[in-house]
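In the two complexes below, chain A is the common chain; its partner is chain B in one and chain C in the other.
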Partner chain A sequence: MTMVTTAATGISIWLTTTVSAFVLAVLAALPQIVDPYQTVLLTYGLIMAIAALGFNLLLGYTGLLSFGHSAYFGAGAYAVAFIMRDLGAHSMELCIVGGMLGTLIIAAIFGFVCVRHTRIFFGILTLALSQVLWSLAFKFFWVTGGTDGIRVPYASLTLLGGLVDFKGPGSFQRFIYAYYYYVLVLFAASTILMWVIAHSPFGKALQAIRDNETRARFVGISVRRYRWIAFMVSGTFTGLAGILWVPLNGLTTPDILYWPFSGEIVFMTVLGGFRSFTGPIVGAMAFNYLKTYAIASTEYWQLLLGVVLVILVMALPAGIVGTAARLAAKLGRWTK
Partner chain B sequence: MTIFVIQILNSFFYAAVLFLIAAGLSLIYGVMRIVNLAHGALYALGAYISAWIVGSAVGHALEGNLGLAGMLLLLPLGAVAIAALGALIEPTLLRPLYQRSEEYHLLVTFGLLLILEDVMKLLFGRTPLSAGAIMDQMGSIPVGRLIYPTYNLFVVAVGVAAAIGLWAFIYRTKFGVILRATSQDRRMAAALGINVSRVYVQAFAIGCFMAGLGGAVVVPAQAAVLGLGIEVLILAFVVVVIGGLGSLQGALVGALIVSFVRTAGIQFFPEIELAVLYLIAAAVLLVRPTGLFGRA
Partner chain C sequence: MTLLQTVNLKKYFGDTHAVDDVNLTIAEGEFISVVGPNGAGKTSLCNLISALLAPDSGKIIFKGRDVTHSSVIERVKAGIARSFQLVNLFDDLTAFDNVALAIFSRDGKIRNMAALADRDHEVAIEADTILDQFGLASKRNEPARGLAQGERKLLDVALAYALRPKLLFLDEPTSGVSTREKDKIMDIIASVVRGEGITAAIIEHDMDVVFKYSNRIVVMHQGAILAQGTPDAIRNNDDVAMILLGSSGPDAFSRKE
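Entry: the complex of A and B
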């Protein structure tokens, strides 16, 4: 029995690796084929995928629905803005390290408070705390620029410790391509790291807590500490997404701290399917295209997104990946 | 001193509006265990509909004069419309989800929020809508050396009447008994022959009516604008978290606390006025998760 399981796991790991390598190769080749606008869209999609991946460590693996993940996305974005404006730094790597440290601290404080509760109270608590950050960003305009936000110009940014800079003519084109690959590498690294976390003993413990808290406690798992660590990891991943998002957007405003943005992160994760590892990635990419084209085609894009969300919840609660897996399984049985 | 009195009156005005919204939110949670993220949007829609009805009635009235009583009678129609909408939403969108986990409740009401936000944009456009004629006709009363709008005091009276009415309704009528029984044990209530589905529709409609009424009474004083509901929902959350989710007394006390802290905040520490409110809510959740008046 053990041997069979190991063999099966061996095959599935091999399969996963092959498929992932293929997807990564396609993603790497895409900017050569599609126009720059699509490249920018893809970059946004990959960034949101990192955010959703982080978020799903809490929802999918720990069973905690956070309605305040805008806080960590926004903390990362504002940290970059502060580092570049106030410390005069230009290195993206420095921004990433500083931003992730900042997000980690905030996630540690907020998480320490939030993990004392579960279910609906956890959701409301994360929401309330995220709105503390929003109101501070909104009101302290002499520090944060208020609703005008802070500009983060790509031109003053350097990648890879100063090796790549964006000065001179044609710099925007160069930035788009260079930044796409930069984000792609970080996306791949984040995905691998998250996969390792989700499949580590720590990840398994989280799933045990999700499925039965009392039993997990009996087995000797320190439930609250595990939830806290998961919260910090989750927040920091989403923070990385905010860090990567801000140079591409060129501006950070309190909107990304406001609670409807947290709702969007939840939305994309459920769209992909929060019961699978790849769900949030697929969901974030799909949501990104859905939102972009909805905004481009109609003034009433929120209505469209709302209808999609309601249909999703009513008819396809397993999301894109879950539904596809079920269809594939059905097809497999049918062909046999 | 006059400023002080006016600030206290303002606090009571905000408390009345917040109570109407939070009581509806709390009632819906108390009976059906659903946190309605669209509640703020329903409030905003109520404000829009009331302002629109009053506005067009004034426009069509003979000699352009409807009289104060006429306008005040038309005002609650927005709340009635929202109650009807609620009676439509519950069986179609919420009923299929009771067996599923809370995540889906939050998601479907979030979807509803997105839809309602754009429905308001679609129906009423981007221009703010107000029923200021009511406020103007009511005039003002002198407070010390200054004057204060009479309408604000009328809103406080509506808030007090709603609190007493709701209390009497829940604790002194047969329907209230049925409502409380269903909220405590749905299956037991069903076993005793109560039509739980109907109670749920009624409870949700009443909750929506309260949200709509909040919007209706606020719109003569403050124009309905896009995004109105998103902001107010979080404040209503703070109210019910402080008072206790599902508790009527909690909504009342919470609304008073939030309004007074907010008024004091705007006066003395405007930068962190909102942050303080959210932090109070977080602190209450930590120390007393069920709020001041909630039961476990």
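Entry: the complex of A and C
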């Protein structure tokens, strides 16, 4: 019995590893082929993928729809801005550690309040709390720069503990390439980490809570505590995305704390398929390109984007990955 | 030795006396059945003992400790597990994961987020053994929602059993399945429970099942315990026959069959 199992899991792990390695290799090769603009776009996509992965630990695995994940993305971004401006730090690694710590604290406080409720009440609370952060960033302009935000210049940044800096001529090109690989490594690490969490006993407990809260309690799982931990992990992952986003954008403004940005995170996850692990990654990449090209092609890009997304969701209710998986299964049966 | 004792346990829902002054004692190693007409308070009693409901008054003593005010999780940790009349499973998880989850939780491994659940061989072996005991080995990798009703009932009991409780409270484990399946389910439950020396209390409507498997039968009526005793004593109790069957006299139970 166990032998069979181990073999089955062994094959699926082997397959997963092979496919992941292939995707990673393609992603690593891409900047050598495509132009720098595409590299920047891809970097944004990878960053948003980390945000959506974090978000989906709550939606897909714990069954909680957060409508306030802009808070953690924004917290990460503002934390980096503060660390660089007020502490005069240059090291990206320092920003990451500090930013994640800051996000974790905020996620712990907000989560503590939110996990007391579920369903729509949970969603509304997350939304309300994210708007508190937004209004703080908006009103306390002497600290946050208000709508002007805070500049985070890439030129004053160093990677790998000062090994890589971006001074002198041609520094922007160098930054784009170096930063792409930097983000790619962190994306891969985040994905592996999230995969392990989702497949750990803890991850199974979250799924159990999602499926049946009452029974979860009756097998001895403290539902609220597990939701809270999931909330913190989720927020911190999304915070990492905000941290990585800000040097690339060069600026952090209250926009990334505002609720429509939370909506975008929800949307990309649903678009990719929240029932599968890779759904949020695919969804984030797809959304990133859709939005970019919608903005480029028309002044009424929100309208275009909205229509495209409505059609996509109606045509692919299981998301891109869910639909692809179903088609593959159908094809498999057919060829047999 | 007494495992569980309820002292003047009461739970009213408005005017309905769901559980009314119940003093129930369960000794270690017993296999008891709780019977009674619909609305007699059987499930309410089970809910009180498992902490799904809080009593209005009275006490619940488990292993000599007052657990009246302890939470569901504390009672699970103390060794009280239950199954549900309306199946309560983790529907999107496989049968294996359902059982494994209970084992992870019992062993305190459930917090671990740095290891793959599938790679814990000790848990996997135990979960597979339990699935095998409950005749579910072939359904191992099926999501719980895809199982047949009888299998779902068994998996529900297997989840509670996987916690290795001291007291297993089963709320109508054979309701909603065919007569033929009933015997199969009860045989499995009885053999597993007897084999491990687990104390079991089972709520059941089918008197054949009740007479066949229990050491002692507790008859409830309108929230109170009407009678209790060995299967033979209950079989020949006219009050019980009146309430359960609507007729009395010698052999009322056999006549009904």
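Keep in mind that, in the parts below, the second predicted complex is superposed on the first by the 331 of 336 C-alpha atoms of A that agree within 3 Å, B and C clash if a C-alpha of one lies under 4 Å from a C-alpha of the other, contacts with A are read in each partner's own complex, and residues count from 1 in each chain.
We adopt the following convention: a contact is a pair of C-beta atoms (placed from the backbone, for glycine too) under 8 Å apart; a residue touches a chain by one contact, two chains touch by 3 or more.
Being a predicted model, the structure only gives us computed values, none of them experimental.
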item: Fit-or-clash call for chain B and chain C when the two complexes are aligned on chain A; value: fit
item: Chain B versus chain C as contact partner of A:59, first or second or both or neither; value: first
item: Partner chain(s) touched by A:235 [first = chain B, second = chain C, both, neither]; value: neither
item: Touching partner for A:205 - first (chain B), second (chain C), both, neither; value: second
item: Touched partner set for A:139, first chain B, second chain C, both or neither; value: first
item: Contacts of A:123 with chain B and chain C, given as first, second, both or neither; value: first
item: Touching partner for A:218 - first (chain B), second (chain C), both, neither; value: second
item: Which of chain B and chain C A:98 touches, first, second, both or neither; value: neither
item: Chain C versus chain B, contacts on chain A by residue; value: B
item: Minimum C-alpha separation between chain B and chain C after superposing on chain A, in Å; value: 15
item: Of chain C, residues touching chain A in the complex; value: 50, 52, 72-73, 76-77, 81-82, 84, 88-93, 96-97, 100-102, 104-106, 109-121, 124-125, 128, 132, 137, 140-141, 159-160, 163
item: Residues of chain B defined as touching chain A within the complex; value: 35, 37, 93, 96-97, 100, 102-104, 106-108, 110-119, 121-122, 230, 234, 237-238, 241, 245, 270-275, 278-279, 281-282, 285-286, 289
item: Residue ranges of chain A in contact with chain B within the complex; value: 59, 65, 67, 113, 116-117, 119-121, 123-125, 127-129, 131-132, 135-136, 138-140, 258-260, 263, 266-267, 270, 299-303, 305-310, 312-314, 317
item: Contact set on chain A toward chain C in their complex; value: 1-2, 5-6, 8-9, 196-197, 199-205, 207-208, 210-212, 214-222, 233
